[in-house]
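Both complexes below contain chain A, partnered by chain B and then by chain C.
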Partner chain A sequence: MSDSDRVFNIINNICLGIVFILVVYPIYFIVIASFSDPNYVSQGNVWLVPMGANLEGYKSIFKDPVILTGYKNSIVYTSVGTFINITVTILAGYALSRKDLVGRNAFMFLFTFTMFFSGGLIPTYLVVRKLGLINKIWALVLPNALSVYYLIIARTFFISNIPEELREAAVIDGCTNTRFFVSVVLPLSKAIVSVLSLFYAVVHWNSFFNAMIYIRDEDKYPLQFILRGILLENEMRESMTQTIGDASDIQNKADMIKYGVIIVASLPVLIAYPFAQRYFIKGMMIGSIKG
Partner chain B sequence: MSKLNPVNLPGITNKRSGKKTFQKIIRNYDLYIFLLPAVAYIIIFHYVPMYGVQIAFKEFIATKGILGSPWIGGEHFRRFFNSYQFWRLIKNTLGLSVYQLVAGFPLPIILALMLNSVNNNSFKKLVQTTTYAPYFISTVVLVSMMLIFLSPRSGLVNKIIELFGGTAINFMAKPKLFKTLYVLSGIWQNTGWNAIIYVAALSAIDPELHTAAIVDGASRFKRIIYIDLPGIAPTIIILLILNIGHIMSIGFEKVYLMQNDLNITSSEVISTYVYKVGLGGNSLYGLPNYGYSAAVGLFNSVINFAFLLVTNKLSKIFSETSLW
Partner chain C sequence: MKKCKHLVLILALVLVVSLLAGCGGSVSKSTETTKKDDTRTTEDPNLVGNFYKTGLPIVKEKITLKMMAGKPNNTTNFDEIETFRELEERTNIRIEWDLVPQQAYTDRKGIILASGEYPDAFFGTAAGGITDEEAVSYGSQGVFIPMESYIEEYAVNLKNVFAKLPDAKRIATALDGHIYTLPFIQQINANTVFTRMFINKSWIERLGLSLPETTDELYQVLKAFKERDPNGNNKADEIPFSFIYKNHNMGHYGLMGSFGCPDTRDHVALKDGKVYITATTPEYKEAVKFLNKLYDEGLIDSEAFTHDSSQYRAKGNQEDALYGFYFDWGGTSVVGVERFESDYVPLAPLKGPKGHQMWLVREPTIWGGYFAITSANKHVEATIRWVDELYEEKTSMQLQYGPIGLTLEETPDGKIKMLDPPDGMTYNDFRYQKAPAITASCILAETFENKMIVNETILKDDALYQVYAPYLLDEFYPTASVKFTKEENTKMADLKTDIITYIDNKQAAWITGESSIDDEWDEYLKELEKMEIEEMRQLYQDVYDRYMGK
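Entry: the complex of A and B
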């Protein structure tokens, strides 16, 4: 290795080290702040390790009925939504992967055109309202039952992973499309099903916009929408602050809950992340191969 | 006398292939059942709204519905083009996305090239895995983190400024800083994720090119410029087209969450305006008006679509790479 390459390597590694710290530190800070005494945090004394170990924030969070209901709602919406997404995407993705499907190109055009042109917010809202979905869970899962981008990923996966010979052999044995799909294609599709489930689930878990326009009752709000209230509009729930004294104390307490809520809300994704991350890369790879 | 040869008559050939096609459809009838949910979805939630976008040209009256409401031509569009908001919205929307594109687009490429040059595999994996983690953080949490770190009272950034003798800045209240905050937080959240596709493209480059270049005495840096970059150029162009095609469709969620009364002059973009005039019930813009809101949304979609067509065409001419 030449000297210039050695210098290059050192600079490269230092730069990546800085990138690493810039990405990790904000997340790390929220974690330690959520376990620290809020007074230390607001004075700027907490930098590297938690100070004045404190679980008050978490206690308030887990006592709050609104947050707990939101958590439960989000779990339901995410499960139901992801199930619908996967069913619709995998079935259509497989059908579109078949070269002998008459009208395949027309169907592909029908789908891909929507990636580039849409009716917009109000016309979509009017359709949802017309269908009577307002204030129902269906308003959160049906208007985004399918992502065309993930449909294309699924189709690409089937084209490159289900050999044509396999199907021809099955056809000679008198196997129908449905039977072939259920007993041959599905068992070979675990990778794509897990990748897309994760993608879809994260989208459902993180979304708040549809809830904002379609859901009216507080007891149906998903977690992210409740978070918006707590985190951004400083709408502290009465039950959380009633025991506190002066104003800055209330503010500190509010911060404390913010840190904790951020952790609690991101927890499912954080827990799934180490297990799921290799699938995420796999998914991106499948998507980057042109179908 | 080929005219009389029945085999060459178009009618007969068509009939035959028509019959064959029909048989194919019958044989694969279950594939169409597989497609049914997706097609029903795309028609109901995408094509029906495209049809419903005609309210942009109508005075929408709830009791009469979309079809029954009277036509008013381009009245909503005239109102939008003449409103004092128009140029401000265009300026904010374009400004924000151009800023984001210029600052944010090259970084994933650079990160991918850097990651690709790392010799130590576990270090590479560590950096890659952590840099794309923020992608999965929700917008609500991301904006809250910004508020926490930038808070003039207790935010870490202001603590550092004070440490060096400066005075605390109320970042979120400054219209001038809005775009920079938006772009920087976007870079923090998305660079690692967007780099994955380039890392994948880089791994597809033939290693023999590198081996040959090393034999010729090319430095690591030279090899990046002359082997790696050209190798991922088609990927770069495709993504650039897609990005420019979406230049007017700045995402709603983050802008909306970052907005407050103090920064609104530079933070109002078309998508937030569409929401507010249509559903928001914001006193600033009067009563919700579906027709007007749909018109502004349609204007935005058409501009976007035009951008996409033009960039795709240009790219076809100059680089022979295109979306379709």
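Entry: the complex of A and C
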């Protein structure tokens, strides 16, 4: 290793270290803030260790029926939604990867077209409404059942990883298309399935906008929507005090559970990540390398 | 060529189909109108079709109206609110609620208004209503129905309110002269005070001082707070005076009145019907100088210009009391209920060096935009009569303060008593649980006085009000009530952004001593002139005159 390499490494490590801190510190801050007394937090005294450490925030989170139902709902929406996503994406991706599909390019064109031009919010709302999906779980999982971007990734994966020869060999042995897909293609596609599952699941887990537009009943709110409500309560409270006077208690409660809720809400994603991670690098490279 | 033929054929087909559809529509319409005419000849002159012109119920056979409303987070589903159930029995009109969570209300309202699939009516709640802008733009497009002629004909209670309270009609009427939305009215005394100031009485007693009555005495007291360690922790951590700069309720505006300058966030005030800009008066200069003196000696929180409300509160909630003197609406939100009750008292307006003693008035709680009927509504008359029922005295009370039997109680002498919340529940949670709280309804001051017995929470608010009541200004600029046209709005926004920012930045610089007000005053006035401050004043004046019907 030459001197210049060493210098390069040192500088490189320093830079990466800084980036690492920039990325990790906000998470760390939220963790310690969730255990701290909200008064210290809003005064800016908390920055390396928790102050006035207590579990009050978490206690009231796990006592709050709305948050617990939200948690349950989010899990249901995420699993059902991801299942639909994966089924549709993998099936469509495989079909489009086959060169003998009639009208393959036309389909692909139609799909990609929607990537750039969508109907827009209000027409989408009207469609969902006319289909009678308002206030039902289906309004959250059926629109956007397919992400064209992930479809292209899946298609590219099949084109590059399932050689034509494999199918020819299977066909000679008397294998049907369905059998080939189930017994050969699927087992070879674990990487892409798990990566796409994670992508889709994170999107479902974090989404609140569709719930805001389509869901009416409190017991159907997903967690992120409730979380957003708690975080926004400050601002709303501010505008409300002008009419009704005093509401300090709401403020304190919101401050107390704010960070705790963020932790609780991101936990499932944090837990799921390591399991999918080993496929991640492999899956992420798909589409970037051809041939 | 062949293709062409096909096209012609298809076009022709489309034409025929659309013609047929058109015919079908008109046919059914005409039968409908004849049907209506037929029923007009029934014996009861009060009954038109299914609709009674006066009295209850409103319709003979039950009808259902679809209404969209924002659901405040601490309110139950509206179907479970007794007040509405009772209303349904009384009027024979069922409401099918499309409830939207509070935090989604604005977005969902926008989508529904843009989608063209309207409910029969928009029902405003504490979660939100219809804005002035929406009322005018959707009103002129015909989405919202002008209600004035219907009100004239059917709305007994509402007409009564408009007669007693001309402001209510003014606020409800859009600039084009139509009434598209109905107001929320709650004439409670406590709502008419702008902000309040609170002082640490325990500190004053400990230091052997007395409550300040003039600005000079305030200065002495704050100085003592700073120097004599009133919280007794041997640390000079006291913050004699704190506020949030530019904040409506927690700002320092009240103090400026002692110098004869009724300053507000918009820096606009009224005298003998004439609008003037407070920030250009000599009184303003004096007030800023006084604040500069306080700041110079370290009596004002050094973070007053930068902290936000959670930091402001956090400092008030430290283990040792830190605040000597602060601004807030109710007082408790800054230092917490317990500490507030043991240590702090409201401070009456101070007498200034020239004997000024005044307090800012808040606009009365008459807010437009809490009920609108859409063009999709097939029972406009019935809807008007239904919403008119909301303005009936007892219904209004229950809509604003919760149903009788839960949060209200009827006393033997026929008054309505507001109950106190049970332990461990805040008044807002208590009151909101079964009431939309802020909606098309009206409680007049006389109703509060003669027909209601208020509870402890309101009494406390009222006690605060009494401190300031003798000093309230007679005149103030009704910023929230006056109506701007679209062009005026743009113009005002253009002028205001520059002018208000400049004024506020200068004031901050002068108070903190970054620059001297004496040196810069003339230059400042010239600069404001260049920014067309006179034009802004005139615009305020024109809009006000039009609002007052001059």
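Note that in this section the second predicted complex is superposed on the first by the 243 of 291 C-alpha atoms of A that agree within 3 Å, B and C clash if a C-alpha of one lies under 4 Å from a C-alpha of the other, contacts with A are read in each partner's own complex, and residues count from 1 in each chain.
Everything below uses one rule, namely that a contact is a pair of C-beta atoms (placed from the backbone, for glycine too) under 8 Å apart; a residue touches a chain by one contact, two chains touch by 3 or more.
Worth saying up front: this structure is predicted, and the values here are computed from it rather than measured.
Chemist: In the overlay, answer first, second, both or neither for which of chain B and chain C A:111 touches.
Modeler: So A:111 only meets chain B here.
Chemist: Mind working out whether A:119 is in touch with chain B, chain C, both or neither, as first, second, both or neither?
Modeler: A:119 contacts chain B only, not chain C.
Chemist: Tell me which partner A:88 touches in the superposition: chain B (first), chain C (second), both or neither.
Modeler: Only chain B is touched by A:88; chain C is not.
Chemist: Considering only touches as defined above, state whether A:40 meets chain B (first), chain C (second), both or neither.
Modeler: Touch status of A:40: second partner only.
Chemist: Looking at chain A, which partner touches more of its residues: chain C or chain B?
Modeler: Between chain B and chain C, the winner on chain A residue contacts is B.
Chemist: Can A:228 be said to touch chain B (first), chain C (second), both, or neither?
Modeler: A:228: touches chain B and chain C.
Chemist: Does the superposition put A:218 against chain B (first), chain C (second), both, or neither?
Modeler: Touch status of A:218: second partner only.
Chemist: Could you give the residue numbers on chain A that contact chain B in one complex and chain C in the other?
Modeler: Comparing the two interfaces on chain A, one with chain B and one with chain C, the shared residues are 41-44, 121-122, 125-126, 213, 228, 232, 251, 255.
Chemist: Sort out for me which residues of chain A touch chain C in the complex.
Modeler: Answer in residue numbers: 38-44, 121-122, 125-126, 129, 212-213, 215-216, 218, 221, 225, 228-229, 232-234, 236, 238, 240-251, 255.
Chemist: Please output the residues of chain C touching chain A within their complex, sorted ascending.
Modeler: 71, 73, 77, 98-104, 107-108, 111, 114-115, 117, 126, 190-191, 248-249, 309-311, 313-315, 317-318, 329-334, 336-337, 365, 426, 428, 437-438, 461
Chemist: List the residues on chain A that touch chain B in their complex, please.
Modeler: 2, 4-5, 8-9, 12-13, 15-16, 19-20, 22-24, 26-27, 29-30, 41-44, 87-89, 91-92, 94-96, 98, 100-102, 107, 110-111, 114, 116-127, 131, 142-143, 145-146, 148, 151, 176-178, 181, 202, 205-209, 213, 224, 227-228, 231-232, 251-252, 255, 258-259, 262, 265-266, 269, 273, 277, 280-281, 284-285, 287-288
Chemist: Over in the complex, which chain B residues touch chain A? Could you list them?
Modeler: Against chain A, chain B makes touches at 21, 24-25, 28, 30-32, 34-35, 37-39, 41-42, 44-53, 55, 66, 111, 114-115, 117-120, 123, 126-127, 129-134, 136-141, 143-145, 147-149, 153-154, 156, 159, 162, 188, 192, 196-197, 200-201, 219-221, 235, 245, 252-253, 257, 271, 274-275, 278-279, 290, 293-294, 297-298, 300-301, 304-305, 308.
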